[in-house]
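Read from first to last, the chains carry the letters A, B, C and D; within each, the first residue is number 1.
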Amino acid sequence: MSWKADFPLLVRNPGLHYVDSAATSQKPTVVLDAIRNFYETANANPHRGAYALSVAATDAYDDARQLLARFLGVADADALIFTRGTTESLNLVATSWGRSNLAAGDEIVVTAMDHHANFVPWQQLAISIGAKLRICELTADGRIDLHSLASLLNRKTRVVAFNHVSNALGTINPVGEIVRMVRDHTAAIIVCDGAQAVPHMTVKFDDLDVDFYAFSGHKMCGPMGIGGLIGRRALFDSMPPYQTGGDMVEFVHDDVTTWNALPHKFEAGTPNAAGAVGLAAAAAYLSAIGMENVLRHEQALVAEASERLAAIEGITIYGPSSADRSGVVSFTLDDVHPHDLATILDGDGVCIRAGNHCAQPLMRRLDVSATARASFYVYNDTSDIDALIEGVLKSKEIFGHAVA
Amino acid sequence: MSWKADFPLLVRNPGLHYVDSAATSQKPTVVLDAIRNFYETANANPHRGAYALSVAATDAYDDARQLLARFLGVADADALIFTRGTTESLNLVATSWGRSNLAAGDEIVVTAMDHHANFVPWQQLAISIGAKLRICELTADGRIDLHSLASLLNRKTRVVAFNHVSNALGTINPVGEIVRMVRDHTAAIIVCDGAQAVPHMTVKFDDLDVDFYAFSGHKMCGPMGIGGLIGRRALFDSMPPYQTGGDMVEFVHDDVTTWNALPHKFEAGTPNAAGAVGLAAAAAYLSAIGMENVLRHEQALVAEASERLAAIEGITIYGPSSADRSGVVSFTLDDVHPHDLATILDGDGVCIRAGNHCAQPLMRRLDVSATARASFYVYNDTSDIDALIEGVLKSKEIFGHAVA
Amino acid sequence: MPSPERSAQIGALYQEMILDHYRRPRNKGDLANAEQTVVMKNPLCGDEIAVHVSFDGDTISDVRFSGRGCSISQASASMMTQLVKGKPLSEIEHIRTRFREMVMGDQAAGEDASLGSARALGGVSQFPARVKCALLAWNALQTAMTAHAE
Amino acid sequence: MPSPERSAQIGALYQEMILDHYRRPRNKGDLANAEQTVVMKNPLCGDEIAVHVSFDGDTISDVRFSGRGCSISQASASMMTQLVKGKPLSEIEHIRTRFREMVMGDQAAGEDASLGSARALGGVSQFPARVKCALLAWNALQTAMTAHAE
């Protein structure tokens, strides 16, 4: 059982086994229809017109924000800023909050499992400001090592950034526990990268007690080019804007400018209203399935895939046991390079990712240059696992012949 | 004659007179089809997969860049960076180039007609760095005053930023002449805001001899959430990245990171491939019409509209004569506030914009708080002007009754 | 989109009384010795209204407004000054709330006699983009009253 | 997408000879006294190859490679070393160009006898995502040759 029939690309290609949803998800018809419907019935520049069509565009954009805020448990909807995606959201925080709050000697904690998008901005901020980047190490089974974290937290710690769910390993991090530790020992802001959490499990921002939370639309059945940043209003209010231009200003004098209120202050330029509408449709689609069902569906698939992969001689699986893992399984096969594995699997229509998954610091610690990764979503079913296993066995055979 | 039949929103709403294209354009069917087709046949994360679907996504994204580069006369296609739009493009230049090249005492020249997106980033940069913002004044008929410009150029001038075409007045600025003056007297970089030029006239970047050129997709029949920044490779190469994260890195060490080549260096995160594909389809659509025809069509409409408006007692038109103007006419009617005008016109389905057009410095100089603006595009025809004139006369009548 | 209904709504919005207040605003100008002066701006259209208020105990003894704007914001400010002058704060607070409800689309509020001639602005509720204009002076008044209370 | 044709292409890509070079690379290791050592990296997969070259006048007298990577990049490097060792630079430049053309899809180049056993890599042209792998060592060689010429 799966929701494959809702996804036109998969319906058009019945032989395709798309198991690379951690990179980007496929899009259901309702999302594509919502985007098109916006352009065909409500397209205008939101916030700028005094005519009905522009009001329709503004309403569609505002409604999308309200719906997303409900979906993500954000009571203060105007503290949900639309961005291009997780990468922009995290750069916004590192630049706008970071440059105006950090000083030389301050410490920023990231983890060794973070995606480059939640690693490099902090590293570069640290370099530019003379702050210190401290990297929390991982346990052997790919979890955040809470002892390592504890050893890094002190009163110089100003930022703790970590991903809710790892894209490379699938690890679901214990946000509550981490937040407690950070709050107990520091006055740091907590920045959580939710790119791999929002698409796959229930996320309620107001319950998480983090300060900023970032996500991407394209990984959660939504369109490319849209995502969000949720933050505490008091922090947003205290920060300088990230980009300046239309819509985000109040008064532009020749020599000084005042800023508009949230959310506009952080949404310079013409908003991507069609993208927001598509993203809201994606959230509605996932809500209708139920996020518990999404997670249960994925965990069942990942448990089966892990078990069947583990039974193949020569397979190494990275990351924690399936219980603490979302729909991602990262693995290697003997000395078969992941790229070769991906090519052979692709020959049978199985789309896996091979590479460092934008997590080079993690790869170094795993002592591999790359892994193969299969990641599941609502449209996957056992037939995808069958094809994956078959492809791995085939690769083993192709490469096995050549073993001296 | 017009291309209205290509635009589903306008076909669905035959009574609608959309004359607010300077804010955002309507989208032709071919663009909406291209976006949908990408999601239904080629959707994957570009640059990241070793499988055929990801190669299809990468190719679609690359092809879009090549097509746009040809459309805009850019031989070095990798020096065309996809951004969210003009606002982001200009912030990128002001932040990345500006912060690493300017120092206290340097001078930045902008014009009094610039959009906030090409004004506020420079103003804020100047404030943060102790540089001096100098504002080039305008002639009475709304052109860049070349005498004022000449008086501002000196060896301290490091940036000259101006819009190719004004969104508030429609003025087409003499780029060649301005560039010559700047090159003759300064070593400044020249930053041109092409948001209102690219949709409406032939633009060939390599012929303009400017250093950076920005544009937005949504104003040129393309989707929201995508646009571009073209620049000289040598400048891009010398600049630090603007945002950091996935795709734009080469090697991520724990303490330092190296950057990927152009265009990736300035495209952090998952690219908006569907947006780029839609934008390329828009460029192809406009090419098929022919940019000379687009401009001719608009100028004919704006000439007629200006003439008929000018014949109404109480109308003031801002900006230069139609010959140097793209499809924009900005006006006021006696003491009828532009917002009231817009509301009354909207009652008859005429969508004009009333406000400061994100150009408060200009409004101050025109000594108005707002103007009404009608802006034309390929889908407009004389019937839109008829409705506009009728609406203005009706407003005059409604407000006329009340004259003491 | 155009329709006979919309035409009627436009007619209702720009009725004689509103245009009269726009052209001949009541209580316009500065107020010498005003206890509170609050400036409110609508950045989108550049409009700016200042409301000047004098209090006498729990009563607004005098109120004037200055600044420029569209017919809706000017008429609303003009009517507001007429409506609240000399009234006790508690009653004004009631009127303000009802006015807000009316322009947000509450029909009952639109028939509330306490709104007096300001009921002429009820038609604004059909024009979401203009609600801000109608509320500008009232929001300024609220800020002035809050400041006075503190 | 899966098809019998694609299966055949996969078979052609991973033919015995390529896997043999992958498992038993020729000329792998460092080269004492190499005149040029060039490191090339493919950040996407983390692969890294170093090519070490000694020259004797206008001839490459010895060449080795080190580093890790996928079967394609390793086999390509291994075959490259066999192919160019002892050859004059002009001939190597011809071979390099032809090899590049072959993996970019030029059929005639794929039949050019001067490519010797490296023709086994012709199948890479069917796998755009893997062309970079096949060219890694050759690009390093080119850089080494350019550096030598300067």
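General remarks:
The working rule: contacts are C-beta pairs under 8 Å (C-beta built on N, C-alpha and C of every residue); 3 or more make two chains touch, one makes a residue touch a chain.
Since the structure is predicted, the reported quantities are computational estimates derived from the model, not experimental observations.
Distance between Cα centroids is largest for the pairing of chain B with D. Rounded to whole angstrom, the centroid-to-centroid distance between chain B and chain C, based on C-alpha atoms, equals 37 Å. Between the Cα centres of chain A and chain B there is a gap of 31 Å. For this pair, chain A with chain C, the centres built from the Cα atoms lie 47 Å apart.
Residue numbers of chain B whose C-beta contacts span two or more other chains: 16, 48-52, 54, 249, 251, 339, 343, 354-355, 360.
Within chain C, the positions touching two or more other chains are listed as 1, 43-44, 129-130.
Taken together, the touching pairs give a contact graph of some other shape, not a line, ring, star or complete one. If you check each pair of chains against the touch rule, the ones that pass are A-B, A-C, A-D, B-C, B-D. Chain contact summary for the complex, chain A toward chain C: residues 47-52, 54-55, 59, 249-251, 260.
On the chain A side of its complex with chain B, the touching residues are 8-9, 12, 16, 18, 20, 23-24, 26-27, 32, 35-36, 39-41, 43-45, 48-54, 84-88, 90-91, 115-117, 119-121, 123-124, 127, 133, 135, 216, 218, 223-226, 243-247, 249, 251-257, 268-275, 339, 342-343, 345-346, 350-355, 358, 360-361. Per the touch definition, chain A reaches chain D in the complex via residues 13, 15-16, 336-340, 343-344, 347-349, 354-356, 360, 363, 368-370, 398-399, 401-404.
Chain C makes touch with chain B in their complex at residues 1-2, 6-7, 9-10, 13-14, 16, 19-20, 22-24, 43-48, 68-72, 127, 129-130, 133.
On chain C, the positions that touch chain A within their shared complex are 1, 41, 43-44, 128-130.
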